[in-house]
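Both complexes shown next keep subunit A, but they swap its partner, so subunit B is in the first and subunit C is in the second.
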Partner chain A sequence: MDELIQHLYPLLKSVTGYIYPNEIELHWGLLVSLYPYLTGLVAGAFILASLVKVFNVKELQPTYRLSMLTALAFLIVAPLPLLLHLGHPEKSYEIFLTPNTNSAMAMFGFVYAWYLMAVLLLELWFDYRKDMVIIAKSSRGLKKWFYKILSLFSKDISDKSVAFDHKAVRIITIIGIPSAFLLHGYVGFIFGSIKANPWWSSVLMPIVFLFSAIVSGIAMVLLLYMVITPIRKQQLDMICLDKLASYLFYIMIVDFSLEVLDFIHRVYESEESIKILASMVQTKLFGSLVIIQVIMGMILPLATIAGVKIFKVPADLRKLLYFMSAILVQIGIFSTRWNVVVGGQLFSKSFMGLTTYKMTFFGLEGLLISITLLIMPFFILWILMKILPPGGSETQEAAIQVPSP
Partner chain B sequence: MPNWIPNLPEQVRRLALLVVVVVIAFLIVRPMLIPAGFGEQGHFRSGALNDAVAHDYKYAGKASCEECHDDMTSMLASGYHNNLSCEVCHGPLAGHVEEPEEVQPEFPRGRNFCPVCHEYLSARPTGFPQIVSQSHNQLKACINCHEPHDPVPSEVPEKCSACHGKIARSKAVSHHANVECDFCHSVNEGHKTSPREFRAAKPIDRNFCGQCHADSENGSDAPQIDLSSHEPRYVCWQCHYPHLPEAK
Partner chain C sequence: MRNLINAKRRDVLKSLMGLVAGLFVPKSIMAEKDQQKRFDWADDSIHYDPHDHKWGMGIDIDNCIGCGRCSAACKIENDVPREPFFFRTWVERYHILENGETIIDSPNGAIDGFNKKPDEEDVLRSFFVPKLCNHCDNPPCVQVCPVGATYESADGVVLVDSEYCIGCSYCIQACPYGARFLHPVTRTAEKCTFCYHRIVRGNDPACVEACPTQARIFGELEQKASPLHRFKRMNRIGVLKPALNTEPKVFYAHLDMEVK
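The block that comes next holds the complex of A and B.
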C-alpha cells in the first residue's frame, strides 16, 4: 500500500482543474507509444524498398536489401511492447486460434502475420534464394544444412528460375505496398476510431500515421546506410544518399501538410474540446509537441535539407547534415507517437482538467525495458545481415568460389 | 498428379509444400490448443469465471473487524470517517481475521497518506474537507492533531472558505465580491461543525436577486433588469452562476 501512496501523492499535485477519479492513472504509457513507432519504421522501410522494385528508382538500389532487412528486424520487435503491456503475454497466441472479428485490436494479429509471412519473409526468400543456394553449395557441415533448410532445399539457379524469382519479388512488392499501408494505417485506425477521445478521433489519423511512418522509415534506412557502409568497408554512394534525402524531404512535406491540415481542421471545427486541447498543447505537451515534434523534428530537418538542395554543399558536409537531420527526424517521430498516445490520456473527458504521466525506470512499463526494446532491432539486424549479407553470396567469407552459371 | 504441377517453377513447388504442411499442422494443432470450455458461454473460456472465483480473498470487510475491535468500529461509525472501510487505511486484512497474530496490519502514519483523499483538488465535490498540505500545519503528522478514527478539525473553522475554498476563491474575484456569503445563505453555526445535520439555506426565487437587480428605486449600483421580462420562466442561477455572475 505504501508504494501506491508514494505513487499517487506526487501525481495528485500535478493534476490541474477537474478530472474524473479514474483518470489520474494513465493506462497506456511508454510501451504503447513505442509500438506505433516501431511499426511505423517497418512500414516506412518497406515502402522505401518498394520504390526500387516497383517504381524502378535505380539510385536506391544499394539500400534495397538493407531496407528489407531493417523492416524485418523491426517487425520482429514491433509486437513485443504490446505483449509486455498485456497482463498475460503467454496467452497471446490464442487470438489466432479463436479470432474475434469484432475487435480491431484482435485483428492486429492477422494483419501482422500476413505482413510478416506473406510479404516480408516471402519477398526476402525469393530475393535471397539464389544467394542461399550458392552459399549452401560452397560451404560444409552445419552451415551447409542451415542454408539448405533456409532455401527449402531448392537447387535450381538457372537463368529462367532466377528470372522467376525477380518476377515474384515484384509481384509481392506490389501486394506489399497496400499491406504496408494496411499495417500502419491500421495503427492509426485504432486511435482514429476512438470516438470518445477528441485528440484521437479523426479520419485523418491513419493517413497522418502512414506518412509519418514513411518519413521515419526512410530516415532510419538513411542512418543505417550511413553507419553500416563504412563498417563494411565500402564507399557511401553519394547519388543514393542524395536520392534518399530527397525522398525524405518530399514525404516530410506531405506529412507536414497533412498535420497542418489536421490542425487547421481542428481549430476551425472548434469542437467543445478545443479549449482543453489548446491548454494541453500549451502546457503539458509544449516541450514534446511544439519544441521536439514540430520545431526540432520537422521544421529544422526540412530547412536543413532544403538548404542542401539550394546551396552547393560539399559532399562531406552534406553527409553530416543528412545524418543530423535523420537523427532529428527519428526523435521527432518518436515524440509524435508519444504525443498521440500519452496526449490522448492527459486531458479529462470532462474537458475541464489535465492529469499527468509519471514515467518509471524499472518494471515492465519502465524506461529500461523500452530502451532494451529500442536496441533489440539493431541487434537482430546485425544477425540478419550475417545470415543474409546484403552484398549477396560474394561477401560471405566462406563462399570462396562462386560457380559461374 | 495433374500435369501442371511439374510445370511449376521448382521454388514455387517447395513453397507450396511448406504452406500446405503449415496449414495442415495448424488445423491439427488448433483444436488441441484452444482452451477447454471456450465458446460455451460466449467468446471466452468458461472456466475463467471459476478461476476468478477461486482467487484468494484479500479484503475482509468492515463488518468482520467488529467481532474483535468493536471499540474502533463504533468510534469510526460515529465520526466523519464513518463511510470509510478500515482496510482502506490498514491494508488488506483477510489474513489477519483468520490469524490476528500472524498477519499484521499497516499503519499509515505519514503525512503523505491522508492527502490522497484530502489534498485540495477542484475535482472533489464542494464541501468535501480539503487542505493544501504544503501550508496546512507542516512538519507535524496529521494524526498528531486528528484522530484518524474520528477526525474533527481541532477547532471550529471561522470562515466558510475553510471548507468551500473553491467557491470562496471564485467569488472573491467576481462582481459579487462585496456580497457576503451569509447575505445569500443563512447559516446556522452548527453547519460549521456538522454540515450535514445543519444545512445552509439557499435562495429560492427570482425575487431574491431582484432585491438588488430589479428595476426599482433600490439605490443599488448593481446593473438593473426588468424581473417580469428578463427570462421570466427560469430562476436566475440557471443562467448566471451566483458565485461568478459575469461568467457567460
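The block that comes next holds the complex of A and C.
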C-alpha cells in the first residue's frame, strides 16, 4: 500500500489555496493526454487524404496513400494509452458488452471500430486491391499466399473492376469524412460535456479538437513526406509541399480563431471559475500554454508560413521552414492536449486552489511508456509501407529485384 | 400466383417477427431473474426492499463543531485507506474575513479535528461544513460511467459495483463535489454509500451515529414522519452547487453562500 501512495505526499506541499482532499491524486495524466493527440493525428491524416479523393486536390496526390497508412498506423496505437491507464484493463471489454448508452465514453469502442473497419481498412483495401493482386501473381511461396489472403482472393484487375475500386474508394471517403469528424469531435465531447469542470465544459471543445486534429494531421503527413521521400530515393514534389503548407496555414488560422474565441468568451463572461482559471494560466500552465502552445506552436509557425507566402523564398529554404514549422506544430498540438487534459485537473472544483502534476519516468503512467507509445506508430507505419508500398506494385517489384545477385 | 407470393411473404414476415420477438425472450426472463436476485440478500436476517425507501441526509451547519468524528468513523467503518488522499466524508472549516476573503481548510479531512487556530484576527464569520457524496438524483457520475458500474439504486443511493468498474476515473472527473476517489489497491472508484451495509439492516450510517451534536440527520425523504422530513420542514435548506442541476439529496441547513 505504502509504495502505491508514496508519490502523493510531496504533492500535499505544492497545493496552493484549498482543494478537496480527494483531488490530490490527479487521475488523467500523460497517457490520457496521448490519446486525443493520437486520434487527432488519425482524423487529420484521413481528412488530408480525403482532399485528394473527394475534393480532387490533385497536387496532394503524392501524399494520399501516405496519409491513409499514417492514419491506420496511429489508429492502431490510439486505444493503447487508454487501455494502459485503466485501473482494470482486463475488464475493458465490458465497454462493448454492457455499455451505458448515456455515457460519452461508452461509445468509444463503437466509434473506433466503425472508423477502423468501415472506413480505414475498407478504403485501403479497395485502394490497394489491384496492387495486391499484381504482387500476389508475381511472387511465390509464402508471400504469394500472404497477398492472396490480404486481397481476399480477388483476382480481377480488369479496367471495369479497377474502376469499381475507385468508385468504392470515393464513396468510402465521403462516408469517412463525417466519420473522422465524429471520431475526433467525439473525443472533444468526452471533455466538453463535463459540466463539473469549467475548463473542459464548452460547446466549442469538439470543434476546437477537430480543427487542431486536422492541423496536427497535415503537419504530421508533411513531416513524414519530407523524411520518407528522400529515404525512398525520390524527389520531393515542391508543388505538393507548398499545397500541404497552404492547407496547414488555413486550417491553423481557423483553429487559432476558435481558440481565441473560446478565450475571449471565457474572459468576457467572467463566470465563477474565472479567477482560478486565470491564476492557473498565469502560473502552472504558463509554460505549456502561453509559451509552447500559443507562441511556439501557433504564432511562430503561422508567421513563418505567412512569411514564406509573402516573400519569394527559395525552395531549399522553404523546405527547411516548412519542416521546422511542422515540428513546432506537433509540439504545440501535443501541448494543447496536455493543457486540456492535465490543465483541467490542476484546479480544484472548489475553485479555491491549485494542485500540481508530477510526471514519473518509469511506471505505467511514466514518460518511458508514453515515448514508447509515441514511437510505435512510426514503426507500424514502416511495416505497413513494406507491405503496402505507397508507390504501388511497381516499387514492390523493384524492391524485390534489387537485392538478387 | 400473386396470392401464393403474398402468402409466402406473409409467412416470411411472420417468422421474422417471431424471431425478433424470440430475441427478447431470454432478456425478459433474465430481467425477472435479476429482479428476484436483487432482494436475495446473502444475510438471511436482512429483509430490505430498496423500492420501499428514498434516503437522504440533512446537515445542520450550525450544529457542527468540527470534531471530525464522522470522518474518522467513516474510515473505520468502510475500511477507507487512512492516508490523507482518500475520503468518503470530510469536514471543511471556513473563515470569512473582514476583507471578503474566504479561507478554507480541512487538514486530513478533519479526522484529528482542527487544532491550529487561524492566524487572521479579523474573522467576520466562521463555521464547519461536513461534506460527502450528495447522492444526486441527476448524478453526473452515473451518466458518464461507460460500463454502468455506478448507478442510482431504487432507494436513491448512488452506488459503485466494483466488480464492473474498469477504473477509468471518468466518474471522478464528472463529480462536481470531489466526493469520489480511486482506491489505490482495488483500482476501482469509491465513494460514500450512506453505509449501505448498515442502512439495509435498519441502522444509521456510521458518520450519523458518531456525530456528538446530531449535525447529521439521516432518513427517509418521502415519509412525513421521518426526522429528515421534519428537518427539511423546520429549516431553510440549501444544496451544494444548485446551478449544476445535480439535484443533491444531501440538504444543508444554514448554508453560507461562500460554501464551495
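What we mean here is this: the second predicted complex is superposed on the first by the 386 of 405 C-alpha atoms of A that agree within 3 Å, B and C clash if a C-alpha of one lies under 4 Å from a C-alpha of the other, contacts with A are read in each partner's own complex, and residues count from 1 in each chain.
Methods note: a residue touches a chain if its C-beta (ideal position, glycine included) is under 8 Å from a C-beta of that chain, and two chains touch if they have at least 3 such contacts.
Bear in mind the structure is a predicted one, so any value in this text is a computation, not a measurement.
Shared-chain residue A:25: touches subunit C; no touch with subunit B.
Of the two partners subunit B and subunit C, more residues of subunit A are touched by C. Of the two partner chains placed around the shared chain by superposition, subunit B is the only one that A:156 touches, whereas subunit C remains out of contact.
In the superposition on chain A, A:165 makes contact with subunit B only, not with subunit C. Contacts of A:5 after superposition on the shared chain: both subunit B and subunit C are touched. Once chain A of one complex is fitted onto chain A of the other, the partner contacts of A:304 are absent, as it touches neither subunit B nor subunit C.
By the touch criterion defined above, A:288 lies against neither subunit B nor subunit C after alignment on the C-alpha atoms of chain A. Of the two partner chains placed by superposition, only subunit C is touched by A:95; subunit B is not. When the two structures are aligned on the shared chain, A:195 is found in touch with subunit C, with no touch to subunit B. Under the contact criterion defined above, the residues of subunit A that touch both subunit B in one complex and subunit C in the other are 1, 5, 8, 12, 18-21, 94, 98, 100. By the touch criterion given at the top, residues 81, 83-87, 90, 92, 102-106, 108-109, 131, 140, 142-149, 164-170, 172-182, 184-188, 244, 260 of subunit C touch subunit A in their complex.
Looking at the complex, you find that subunit A touches subunit C at residues 1, 4-5, 8, 12, 18-25, 27-28, 82, 85-89, 91-92, 94-95, 98-100, 102-106, 108, 190, 193-197, 344-345, 348-352. The residues of subunit A lying in touch with subunit B in their complex are 1-2, 5-6, 8-9, 12-13, 15, 17-21, 93-94, 97-98, 100, 122, 125-126, 129, 152-156, 161, 164-165, 353. Residue ranges on subunit B touching subunit A, taken from their complex, read 9-12, 14-15, 17-18, 30, 33-35, 38-39, 43, 91, 106, 108, 110, 112-113, 115-116, 119, 121-123.
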